[in-house]
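Each of the two complexes below includes chain A, the first together with chain B, the second together with chain C.
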Partner chain A sequence: MEGNKALASTAARDRDLKPPKKPSYNHKRSVWREMKKNYASYLFLLPKLTLFTLFIAFPVVWALVLSFQQYQVNGSFFIGLDNYIAVFQSDAFMEALENTALFTAVTVPFNIISSLVVASLIFPLGKLSQNFFRSAFYLPTVTSMVIIAMVWRWMYNYDFGLFNHILGWFGIEAVNWLGQSSTALWALIIMQCLIPFGVGIIMYLASMGAISNTLYEAATIDGAGAIKKWFYITIPLLKPTTLYLVLLSTIGSFQVFTQIIMMTGGGPDNATETLVHLIYKTGFRDFEFGLAAAQSVVLFLIILVFSVIQFRMLRHDE
Partner chain B sequence: MYKKDRFDKLNKALIYVMLFFFSIVSLLPLYWVFSTSMQLSSYEGPEMERPVSYVDSNPPKMYPMGFELYFEHWGDAREAKKAGNLEEAQYHREQMDHIVDNTFSSFVALFQKHDIGKWFFNSFYIAVVVTFGILLLDSMAGYVLAKKRFPGRNIIFWVIISTMMIPGQVTLVPMFIMIRDLGIMDTHWALILPDLSMVFGVFLMRQYMYSIPDELLEASKIDGASEWKTFWTVVLPLAKPGLAALGIFTFMNVWNSFLWPIIVLNNADLYTLPVGLKTLQDANLASFKLLMSGAAIAAIPMIIVFLIFQRYFVKGLTLGGVKE
Partner chain C sequence: MKWVRKSVLSVLSVVLLAGLLAACSNGEEGSVDEDGNWTGTITIWDGPRWPDEDENKYHWLEAKAAEYEEANEGIEIEIVQVPWAEMGDKLGVAIAGQSWPDIAPVDISGSAVSIDHIEQGVVEPLDELYTEDELSDFYDNAVEAYTFNDKLYGIPNSITVHSMLLNLDLFEEAGVEPPADGKWTWDEFVETAEGLTFDRDGDGEIDVHGFSTYILEGYYEAWPLFYKDGGRPLSDDLSEFTFNSPEAVKAIQDVADLKLELGVAPETLGGNDVGGTFQAWANEEQRTVAMEPWATWAIQSAQSAYPTNFMVAEYPVGESGKPVTIGGVGGWIMFGQDSDPKKEAVGEFMKYLSSTDEQYTMATEYGIFPARKSTADMDPYAENPQMARAQEMTKDVVMLPRHPEWKKIDEIIQGKLQVVFNGEKTAQEAMDEAQEQIEDLLSE
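And now, the complex of A and B:
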């Protein structure tokens, strides 16, 4: 009895204090009423949602369907897993996968670490120098990769290129950077490493600003030097940013395309073939739509695996 | 104490030296674009048998030779004039004119012989149309997703967001077939419509709209304003910084977009700048000076936009990236 009474009174109090109950949509008619009441919200969403459905959702589903089909203008037909089998049996795809993986495995860690180092060097500077260096490092990021690839191709030129000239200063013989399969992929990797990772630098700078100063002050009192503070305070506290940047640049790196088509076309001997360039060639040079769709679904699955792993690490951390 | 101070100064100098070195590495390619674009490609000096080109000279010239030679001839012309040798002064003045013409010759050629003016205009108007379209559509969607409660809101949001994980290449083939069947292949609609569908902005605007206080929206409602009027006169002005960040990123992405345009554009009149640059490079007729001039023309607008709106770049990156 006592308990019941207490319960009843809490219920009464809750009724008084709580904001009006969230509408529950058990009843079909009440859902309908809610929808009618909020018709303006749907109108606000309508244009974007229409475009989204037409040009993103529908093509994504269609890509999945196509990957199980033999495409023909007058009626495609299902061929089961044949496209996927063909993808994994083709040497070109395996080579492209290997090249893309190597490209990612070298450039992502290098870019992340270098952007962390650069951001750490910029951070303690005054406002003016901070702005200056931030612009200097972000400027190549706003420039189209088409332009960057064109000039790097020129700098890698065997006869007149800047790099062979600089190598000459040190008495090293000229290298045919992009023209031979042993160096072409590495030339692209070096290029990617030397283009500053502007997004990383800016994100790190923003996150460093959010770290409380008291931590560093306490560490100073404890007698920690700058390097020690960097390793034991800065790096651990930047971990969420680092994970986000690794995710971002891994995804971007798996989609590397512009450099390839502008600088090597995948050659020589498929040495610089990458996944997206292969998809482009399969789809729009050979017009093997089903095969290209299967390749792109595989690319998506690879990226998905990476994203899931990294999201889990991120969540585990918090 | 004294010693420590000196050490800090040394440290600071070291940091500056390192950062300057890194920024040279960072900016060298862009410098090389501009330097090559203005390099002398044909010059016949006083004691030369035939014209030389400094564009593909070995070793490469580190800066546009025209700048140096112009002043040399200028000095020579003045001296010759002082000495009363008018014929020689005339020669030097002609050389100066030639140097100026040649330094900028490839920019002139790009506009006269190639269609770069058209490509520039195409890139520009497409980027502007898409940017303003995205700003309107995404702020409308982001606003109701952040501030309104209605059946299906969460499902819609999660469906939209989950497609952000799907790389754009997945939709290339179906989109190609669709665009072809719609009969808009090789038109600018084939670029504008898919670009307007990008969803990143919905996510970004929704994040931003959360910061708008509910009280203001209610006050506007009590004043009897319609939903649209509230959105237009209350919400949009408050969302300006977010809109600026989204606008700049959209402009940059569209201006630089490459993979899709090279698939759907065939007519040279409709090319955007990146596509035009690629065909220029593929044609193999073009000298590196001409290519670099084209690259310079394509790079300049983004550099200007970046320098003016720098703080919005920072804002956009941190707004879109930091998950709360």
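And now, the complex of A and C:
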């Protein structure tokens, strides 16, 4: 025993636990050689890479540069952090941030939970019924938000809208849904919540199909009911999908724009002003592209922070 | 063989990239021939106007371009069709990208082109285009609208005014007499609106309201009513916010109270639904509002697309004792040019589009008031009494303040007005709040 202990301690102390050194070679040369070897593949990538550089990478970098500049048609100039200071001192930005945060805080959980519930209800159905509901719930996703917004604008119409008509059945006085500061943002939130989150339903259905049946069978043998199985098997195993959908939905909600411009224009009195609509106004109405770029960078950072937090909270391995 | 293939692929990639970049670049500046005449392409943007028999709403400009090309060999006119609703945004993007057209129709007061742009040299001055004598044929207020720092930055070709449109069928249904000659005081207007508010089908609910309008950034149909007692948004030197003065606050509250206190306006008064407001007045299937203020285009619409038995009236006169309306001036502006010969050629084409005869055509066919006195002398509305009545109001026109930050100021005021019309705040509270925000902009 003593001998074994000594051997073990010696081995642990003396053993070289560092990973072996990588063989040294000229890295640059290797990459170049690799590119030369597969030049045909790179040539095939070139058109897409060119378009990506021109229309995505370049505008993003340019926006970042622009955010430190005072924009002028005939030559912008650097003004340091002035645009960022203006963003954080702006009441309009803070109001838009508050509205956007409220919109996101309500719509994201509602959309995720509702799509999970709908997917769970559809999943046990026969193939034909499942396909029908899958298509029906996905339909709004392929419909233009402009059209959806126009229909909802009609539904919220004070004189002949659907909602006021329904309120009338119960003798409740009509509401100026989009015209009152107190109701306008909530009207948009309700609209967003009631539009089925098609992508979420499809993703959840696909992920549910990948959960092994043996888990449910074992749970049944152990006496678990449907609700328990849903809470203890389905939901935990759908965590990666939920993480993806939460991120997707949060980013989408922070960038809400079409509904705003189509239904309220940010009013009344900025009650429905959101960040992207404010950025649009700053850029294309006031032509303050430097300030608009700074607002965009701040929005990017906000989304990034939220994404990192959500990623850490919902990570699969925790 | 391998290197040949490689070279060909590389050349193709470069050509593709060059082609892509060339496609994104600005147009050419043309050249000057041996006689000293400029030859090349002039790009003009325009929105849809009145249709011909083929429903082509650009036929007028196409015809003028063809005539001009024929008379000026070597010059080609490229027309870019832009819907009016997109004109502002597209011009804004074009300016930002420095790929602007040579000519575009721009109402210089509060549009895509601002005083900032003039200061930055985006818009060409046109003082050399007309002699003083030629310029005197344009109405003074039209020329003033395009003048900045004593320089002319556009050719005015139309004046628009806002007026009250009265649906005479609803007056008849309610047994109410419209104002004689379309002139009235505020009290008479309120009395008329009360008479026009009635239950059409006897179910105890009000079906027809006397008056309605909307409140929206960039739209000023309701504003002459806020001016009725002498109130104005900014002081004459543009240094102070004055819409919270007693005369302005009283006028704003008076209009809001048409709904809030008197019930002679529908709940949608002060909303932002432009189309819905017009339909309530003009659409034969609705006709639920008897009186609404509109810009000139609505007169044309009520004479064509929505045939309506209507009359044109002035805005009611308040304590100031004078009728007031708000107007706008439309015209052609020339964007920055790199060469004098081209600037000259572009200017000549703009003059060609702005002649007395062309403004007459515009007035009779498109329903806008001419900016030239000589065109007005041709009496384009001899057979259109409603347009003739509205044209008389051009003498009462008050222009909007020309402050560089007007769009932001306007947004704040209109937002606060919406809150007043909702009944969420009084006019005094809302305008005092507006003052806090606007003073910052005025002091910048």
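In this section, the second predicted complex is superposed on the first by the 274 of 318 C-alpha atoms of A that agree within 3 Å, B and C clash if a C-alpha of one lies under 4 Å from a C-alpha of the other, contacts with A are read in each partner's own complex, and residues count from 1 in each chain.
Simple rule for what comes next: a residue touches a chain if its C-beta (ideal position, glycine included) is under 8 Å from a C-beta of that chain, and two chains touch if they have at least 3 such contacts.
Because the structure is predicted, anything quoted here is derived from the model rather than measured.
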| item | value |
| --- | --- |
| Chain B versus chain C as contact partner of A:F284, first or second or both or neither | both |
| Chain B versus chain C as contact partner of A:P47, first or second or both or neither | both |
| Partner chain(s) touched by A:P268 [first = chain B, second = chain C, both, neither] | second |
| Which of chain B and chain C A:V108 touches, first, second, both or neither | neither |
| Touching partner for A:V298 - first (chain B), second (chain C), both, neither | neither |
| Touched partner set for A:L97, first chain B, second chain C, both or neither | neither |
| Chain B versus chain C as contact partner of A:Q180, first or second or both or neither | second |
| Chain B versus chain C as contact partner of A:V256, first or second or both or neither | neither |
| Larger contact residue set on chain A - chain B or chain C | B |
| Partner chain(s) touched by A:I122 [first = chain B, second = chain C, both, neither] | first |
| Residues of chain A contacting chain B in one complex and chain C in the other | 47, 54, 71, 157, 159, 284, 289 |
| Of all residues in chain A, those that touch chain C in their complex | 39, 43, 46-47, 50, 54, 71-74, 91, 157-159, 174, 176, 178-182, 264-265, 267-270, 284-287, 289 |
| Footprint of chain A on chain C - complex, ascending | 6, 9, 13, 16-17, 20, 89, 92-93, 95-96, 98, 114, 116-117, 120-122, 216-217, 266-268, 270-273, 276, 288, 407-408, 414-416, 418-419, 422, 424, 437 |
| Touching residues on chain B, where the partner in the complex is chain A | 11, 15-16, 18-19, 22-23, 25-27, 29-30, 32-33, 36, 55-60, 137-138, 140-141, 143-145, 148-151, 153, 156, 159-160, 163, 165-178, 193-194, 196-197, 199, 202, 227-228, 231, 252, 255-256, 258-259, 262-263, 273-274, 277-278, 281, 288, 291-292, 295, 298-299, 302-303, 305-307, 310, 313-314, 317-318, 321-323 |
| Chain A residues touching chain B - in the complex, by the definition given at the top | 22-23, 25, 31, 34-35, 38, 40-42, 44-45, 47-49, 51-52, 54-60, 62-63, 66, 71, 118, 121-122, 124-125, 129, 131, 133-140, 142-148, 150-152, 154-155, 157, 159-162, 165, 168, 194-196, 199, 202-203, 206-207, 226, 244, 248, 251, 254-255, 257-258, 261-262, 276, 279-280, 283-284, 289, 292-293, 296-297, 299-300, 303-304, 307 |
